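I have a structure here, written as structure tokens, and I will follow up with some questions on it.
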């Protein structure tokens, strides 16, 4: 589907500040899209708008053909969308296993849990544990994990309910070279199965993974294209890449 | 989540022990244990909200009183058997919580705590105002029906064997509830509301459901209390009574099943022993204990034990 | 009959305002849900009662306020400061404080109410009835205290520090404001105000170890409805509520009047959780 996630004239104002300004943004199914831009460009706000944490001031958002702007985030999540926060938002007193179980449960609050359902859940949790490489830590309390492992758990939580669209907010922020590589491998392994929208500052990650890159500046679209095109774009260079690490 | 055989075994053992306890206790203590069980139910009501769902409610005493009066008024004005009277009490608590909870759970942050205390004040004022109905500050003395037409509630044994099955039922209910997907979702609200929401959980609805269930549990405690003490009074809704339940739960360990049991039993027994030696000593000690627990052992007795054994 | 009711509302409104202001400072600036706040109110009355034979009424009240403020500062420093990052534990700790002081008083003074003589013993004519002068003096004291508080916060160095911390804790720290001092000072100020209210009302309602239990809930509701951090908001809501209640007593029973007033406040609390004076953002 070409317009798997689409925003139309999306704007968000905070008091006097315009975080996102009349943005038209489209992502195709199973694409890996990177969103980059200087601080304050509106990248995180865009993610928050998409998953319903924030309500748009104006504009529409469509997901898989359905209008989602204005819907509460738990409803949007159950439609098959997930987000990994930049600062890990985990359940600190629960074990890693229970954290992932919560994600796999996908907001289900029924009273009766049959054996088949439980089996399915166990399988899902174990799959994700393998994907994020935390099998050994399965019974550690999430709050006791090191930062790098918490970032991995964070992505695991986002993967828990088999999302169709995965939003990643700086998935490699604060990670070492090795840890970043591991995350990159993880995201690469999802190619073709999940649509990914990734906000990132690390250019190596962006260039290595993205099919298309969207560059935002002051909440507006500055440039969009393949990694090569973006690398060559003079506007982008001037605003962003010349300052990048 | 599997139920280990130890736990089930322990629970069965405990239940049998409780059932046989009256054979070895003098009359006074039989009634006392029955009373403890009633207060444990109130503590569990608070525990469900705070220990599991992370909602600090100062107002469970309101639903306790609603349950008590639900039973009392049904007793006065209708010819109903014991089971229906108790159901009436539970319903009173459920309905009260359903109405108040609808507004209360929408209040974010600390405002929620105060909002839960408000119905306690309103209820006491209402009780004082409509004293024709409620007996005002003097309350109402009840004449509970005889159990099976034979056993009078003025005998401690009757009270004990009526409270016991409901106590056990309540514990089984809560133990079951927290293992359901719904019950497990409550914990997520406590741990990280924002995250839970993004994972697809309707946090507001979860809070509401927890609130209503807790109200029903508190209502049951109130109804049972009315039955065994044969007395209801509006002042039982005072938030300081909620505070007692809170302290018992915290000392025992919030967020655990055993915590409220241990905490309530321990502290009430302590109070009883101290009342002979040093009447005021207990509340003073309680205050200081609370300060110590909060500072050094916030997980309570059971919570700290759990940390010990797992590390 | 209206005039005494209006006056009563005025007097009680200002007393409630004192307690609410103290709470507003503590809750608004320190973020502490101080359920023990009523206990400091009670202690204010107790100390006034105890000290009166030695210092006279006004001396007793003044010293009582200072004593309670000191106790408040110590409470903050010893009990609450270590729990700074844990809001729930803090609330529970204030419970502990409440119990400890409440029972210490019950231990020392017993369970029943003690009365305190009207320090002025004067009455004045009010239309067709007479009204105790002392009550007006109480209101006057309260007004002066609130004005004093305002001046203190706006003009004095410590007051500026308190305001700085309330607006932006980190920025204030960077600017060199000594945060720990501000915390203790704020708590002392807040509890001192409550104690003042307690001491002033002792001759009117007596002294009882449980006298703080109800006023604390009312104070919280007033603070939230008036807007946390909005000091004049608390004053307006406190007086407004007291007037409403007292005017209602003209048409219905006192308990019903109290209930209706509280219900109105409660509904305002639910529907305007940021206070009735909040300005809606566009």
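Letters A, B and C mark the chains in the order given here, with residues in each chain numbered from 1 onward.
Here is the rule we go by: contacts are C-beta pairs under 8 Å (C-beta built on N, C-alpha and C of every residue); 3 or more make two chains touch, one makes a residue touch a chain.
Computed from a prediction, not measured in an experiment: that's the story for all the values here.
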Pair exhibiting more inter-chain C-beta contacts, B-C or A-B: B-C
Identity of the most central chain, Cα criterion: B
Subunit A and subunit C, separation of their C-alpha mean positions in angstrom: 49
Whole-Å gap between the CA centroids of subunit B and subunit C: 32
Separation of mean Cα positions, subunit B and subunit A [Å, integer]: 43
Residues of subunit C defined as touching subunit B within the complex: 27, 31, 33, 35, 79, 82-83, 86-89, 91-93, 95-104, 106-107, 213-214, 217-218, 220-221, 224, 253, 255-256, 258-259, 262-263, 266, 269-270, 273
Complex contact set, residues of subunit A against subunit B: 51, 53, 72-74, 77-78, 82-83, 85, 89-94, 101-103, 105-113, 157, 160-161
Interface residues, subunit B side, partner subunit A - complex: 180-182, 184-185, 187-188, 191-192, 194-203, 205-206, 209
Subunit B to subunit C touching residues, read off their complex: 56, 58, 103-104, 106-108, 110-111, 113-115, 117-118, 120-122, 125-126, 128-129, 238-240, 243, 246-247, 250, 280, 283-284, 286-291, 294-295, 298
